[in-house]
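Look at the two complexes coming up: subunit A is in both, with subunit B in one and subunit C in the other.
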Partner chain A sequence: MTPPSALEAIRAEALAKYESLDWPARNEENWRFGSWKEANLSGLEPVGAGVGIDLPEAIEGAQRFVFHNAELVSGSADSVQLLAHAPELLPQTESRLGSPKLSALHRAQSQHGIVIKTDSGADIEIIHLVSGEGLLTPTVVIIADDGAKVRVLERFISTNDFDATTVLCGADLIAGEGTKVTYLVTQELNANSKLIRLADSRLEALAHAKQAVIHTGAKWVREETYSTVDGMDAKSEILSVAVPTTGQEYDQRTFQHHGARDTYSDLLFKNTLFGKAKTIFSGLIFVDDGAHGTDAYQTCRNLMMTNECEANSMPGLEINADDVKCSHGSTSARVSDEEIFYLQARGIDSKSARNLVAQGFSIEAIEKLEDEQLEALAIEVVARKFAAIE
Partner chain B sequence: MTSETATVQQVALEKDDIGNFSFPEKHKFDAGYGLTKDTLDYISKVKDEPQWVNDFRHRALEVFESKPMPTNWATEDLNNIDFDGIRYYLSDGAKPKRSWDEVPPEVLETFDRLGVPEQERAFLAGVEAQYDSEAAYSNVKEALAEEGVIFVTCSEGLKEHEEIFRPWFGKVIPTGDNKFSALNSAVMSGGSFIYIPKGVKVKHPLQAYFRINSENFGQFERTLIIADEGSEVMYMEGCTAPKFETATLHSAVVELVAMKGAKIQYVTVQNWSSNVYNLVTKRGLAHEDAEIRWIDCNIGSRLTMKYPGVVMKGERARGEVISIALANDNQHQDTGAKMIHAANNTTSNVVSKSISVGEGRSTYRGQVHIPKHLKGCKNNTECDALLINPKSRTDTYPAITVKGNQHVTQHEASVSQVSQEMLFYMQQRGLNEAQAMSLAVNGFINDLVQEFPMEYSVELKRLIDLEMEGSVG
Partner chain C sequence: MSLIIENLHATVDGTPILKGLNLEIPAGEVHAIMGPNGSGKSTLSKVVAGHDDYEVTGGRVLLDGVDISELEVDERSRAGIFLAFQYPSEVPGVSNANFLRAARQARLPDGEEIDAVAFYKEMYAKMDELEMDRKFTSRSVNEGFSGGEKKRNEILQMMMLDPRYCLLDETDSGLDIDALKVVAKGVNSMRSEARGFLVITHYQRLLDYIKPDHVHVMADGQIVKSGGAELALELEKSGYDFLKQTA
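After this line comes the complex of A and B, so read on.
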């Protein structure tokens, strides 16, 4: 076991880096259309001790870990390591999507988190119960080796409706050869909180990873998802379902990096915008020189439910190899009148009809998880949001 | 090599490819190297411009100097432009007479293979200063004049038709739009001014060739086309033959104004030599029921940055960009489209196809903007990229903003290559590999080529054949 001073050293180094960097600014391409001012967290103090609430139903068969803010209150640490005990496993990741300062801040403040390192398998549920005014910096590291099969569910839940908590979280996934990883994150924070999520993943040969996020809460979300497929026949799937309404802005940036031959990645983002919601999607498929035989797809669909919502899409491609199949698509549209009419003709009022169609729209992405328990949970979270909007 | 050509060499590539050569030149008017306030005064004096134009130039220079290079999103290669090594105003009067002996044989061969008409060859090679089109087109010119069409140089336009020219000049693309539109506003020379009166439908496409003017292909040309209510016009610039440039920076501004119900089609075919920075701002303003189409083909150049745009200001206005780009070794085609919907029920369409050959890089950059409180706006964007060789490169960076649920937008892009099966199939039927590749590439852009006037599309096909040579096998 590494002495705690090792983590201290990592934090001190990150702090120096944090201090040398600037906050995001107006003209940065990675912050185009985005609220760069929201990312300025200067002067924010860490939150204090957290509190508990009634826990949601557990996922059957999964080991549950519950955090009250930074404190682990339930869950045995036998099968996982706590970050404080294994800081050497914290990957050194570069934030390449616009937030190096936030990434350094996260590292400098890192104190709690879970490291899941396995060469056989793991089924883990992590619940962050979040409260208090200030900054919270949780971490999840997943290192899967030797064909391990790993399933992780991570939930962010506010314990009350009013605390303005800023959650700056890191998620690092290394999927070794032949592993299979399914990782679902649900964000159910209150309407005053912010979430900044910096996710980085690397897939080695024959690895297959599905990463999904469900966003229903928070007033502002900035999510940077960097996925590298680095070995032959590696397969990365990235999914997102977001249902924002008035007062919510979701800013999601993704990078699908193909670093080896014959790799596959598929991204599907589905946003359903209510009220005066605003979404930003910026995605890039990047194919390295020599990564021939790449298969990469990227789709962002925006369903516009009102006349006040705003969707910004920047689907990008950078291809430096040939013999590739790459495509991206982005659409913005509303529920078609035909669909509404069809449901109305069957006795469903127009508002319910619209929401029914919208929920079906979200479920299309959720179904790609191909895990009944996680799908059911994701649908429940989305349905709760729809019910709250109605 | 003479001292004049040193400018070219400062930023030119070492690569000795077709078109990358220069001639000794003598110019009657030469503003010298570098850009200062005196340069602007010199240009104004030579062109005998009114004071307001001179003031306009000076304001633009200030804007140009105050704006940073847009390298926060664009390529760092822009930093290699040596603004002090450029002559901002050359010519008029005595253009050089080059002899055919000075033209390299491979260029002559290129003309042959493209089937460039004899008269045009002399002009393009610089053997003749002017393209002698008087005889061929005098009838057309007469017909135009009868209908009240104004078709003159930009300098004539601002002096002799100020009442029509000035209200729209710099309105579609303000000086401060970007660093290079500011540069153009400071040192503009050449380009056309066209006014089509109400209800006039010009039958023949207008070409810069028609005008007997040595400034046709200026470095900093400025074009303004105004189509009055219900009128129609097609304008064509450039040609498929390589244009031998001694100037390394080409920065044009083109403004189109389509009044109620008018239609403007603007066709560009350009084939620059690979030492040229081609940084062009093009935008049209479409009023009620008007239609503006940009049909654009970019081949060659070291770096082309060109994003034709349409601002749909009136209800039911329509904007369209059809674009073909081909990037070969050491070339970067950074092209795209900008569609700004500013009224209800406006529609826009963007179809872009790019081909990257050798180590060429092509980029699509697009913007679609549909602001609040509008309804019934539609945009369709398609961009397809074809990669020919293992080192070929392509990028796509669209940005789409939609507010409200009364609109429909869709964007699709794909990247592909010519499949081995397709090549094999054609080779089996007797084509060699290069021919098979050419056929496949021509097939890829075929539906867009048909949008070009007939003679251009024939030349384009031959040009693709030429560019594809040596790219396979």
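After this line comes the complex of A and C, so read on.
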């Protein structure tokens, strides 16, 4: 356990950093098209005690941890550490995608979370029940070693429809040699809340990680996903499925960093935009000097369900090695009239037909999880959103 | 009981395609339409199904006496029209089973739920009949299907939806002879006194397996000649040259 003085030092340093940095501003490339003003959290106090609600059905076989705001209310800490006991494992990485001030704030304030450190295996479900006006700063750290097989589900759920909670969360994944990690995050916050998620991962040789997020809630999401494939034959899959509607803006920035030769990464983001929804995707594949044999893909697909929605995509590529296979692309499309005609010709009304096609569009990405239980849950979360959109 | 197409006129982007077409398909009969490329055969099936790329500029379609000309595509389907597509759409991420369930569910009154066990039992029995592998239930609708698999899937949908009048738009295109036999077997199993068929085809071959009661020749947006099953054989032998002679 870290002596209090060490923890205090971490926090003091983070606080100093936070205070020395500026809030995101209009002219920053990493905030292009984004609502940088939303990221200004000055004056926001930490939320108080949380409350419970009926819990969703548990994932079979997984060990469940439930937080009411910052308080762990269920789950035994046999196989995991609570962040409070291992603050030295707080994500130390600076945000490299535009939010160093926010990551410093997270480090200075995060009091609660889970550290999953295993060299054998773990199957964990974390539920954050979120309520209250103010700031909540949870953390999840996954450290897998020695071929461990790890599955983590993390859900953010508002306990009511009105509290404007700002969740600033950090997620750190270190997938050691030969490990297999599946990590799904579902964001089901209410329409007044915000989520800022700073996710960092590093994969060592022969590691295979699938990281997926499902966004259906919140009025504003800023997500920065930095993934480094750092050892030969490491394989990183990054998935996102988002279904925003009027009043929702999802701003996602990604960085696929190939730091070693013969590494693989594949990113697939799928947004289905209803009403006046807005999305921003900015992604970069970056291949280091010497990372030959890199195999990297990046795809962002937007399905535009109305004429009023807005999807911004900025795919990017920077290659400093030879013999690489890289592709990146972004598409925005409407549901095809011929598909709708086909479904209608089977008796399905036009609105249901459009929703069926749109759900199919999300499911295509969800199926890449290749985990029946997580897929079923993800589909349920997405289906609930579709049902709520009228 | 019949499907009556009465003096039907339709245009696409202002160009007239159907020019006063008349046809009656009584329940219990199979009618075949043949005709040269561009005669309007596929347009006819789409217009009857209600495709909104086509503007109906005159005439009407009566289903058992009820004018369905103003109905939406899905309403016509629920009223009993089934169009088996020449080029069925792919619907990524929507499994065949969920698609069929949604189509069946759409036929139930509000608040009534489909009996899932009975539904699957029925679907599997029909798939067996069409020699379709069970894996097609979980595969996305038509995605990655071969031409033959797509056509079998059309017939599966037709069997599951139990329509009053079936329009088969070039169902034989892209089928090898074995697949053609299976598809024809499916169609024949559905022939009944209560159901009518309109089979659109280029080739007489399909009609060896689905025996028509009447054969019509379509040219320039109209039915120009009608006869019995022997007319198809005649056309196979002499082609459509007679159209030029009469023109």
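Here, the second predicted complex is superposed on the first by the 387 of 390 C-alpha atoms of A that agree within 3 Å, B and C clash if a C-alpha of one lies under 4 Å from a C-alpha of the other, contacts with A are read in each partner's own complex, and residues count from 1 in each chain.
Convention: a residue touches a chain if its C-beta (ideal position, glycine included) is under 8 Å from a C-beta of that chain, and two chains touch if they have at least 3 such contacts.
As the structure is a computational prediction, the values presented were derived from the model and not from experiment.
K.L.:
Touching A:Pro91 in the superposition: subunit B (first), subunit C (second), both, neither?
P.N.:
neither
K.L.:
Contacts for A:Met304 in the overlay, against subunit B (first) and subunit C (second): which applies, first, second, both or neither?
P.N.:
Touch status of A:Met304: first partner only.
K.L.:
Compare subunit B and subunit C by how many residues of subunit A each one touches, and report the one with more.
P.N.:
Partner touching more subunit A residues in the overlay: B.
K.L.:
Could you look at A:Pro46 and tell me whether it touches subunit B, subunit C, both or neither (first, second, both, neither)?
P.N.:
Once the two structures are laid over each other on A, A:Pro46 reaches no partner at all.
K.L.:
Under the touch definition given earlier, write down the residues of subunit A that touch subunit C in their complex.
P.N.:
336-339, 341-350, 352-353, 356-357, 359-364, 367
K.L.:
Please name which positions on subunit B make contact with subunit A in the complex.
P.N.:
72-73, 372-373, 375, 385, 387-417
K.L.:
Can you check the complex and tell me which residues of subunit C touch subunit A?
P.N.:
49-53, 72-74, 77-78, 82-83, 85, 88-94, 98-99, 102-103, 106-107, 140, 157, 161
K.L.:
Using the touch definition up top, name the residues of subunit A that touch subunit B in the complex.
P.N.:
27-29, 32-33, 289-290, 292, 302, 304-334
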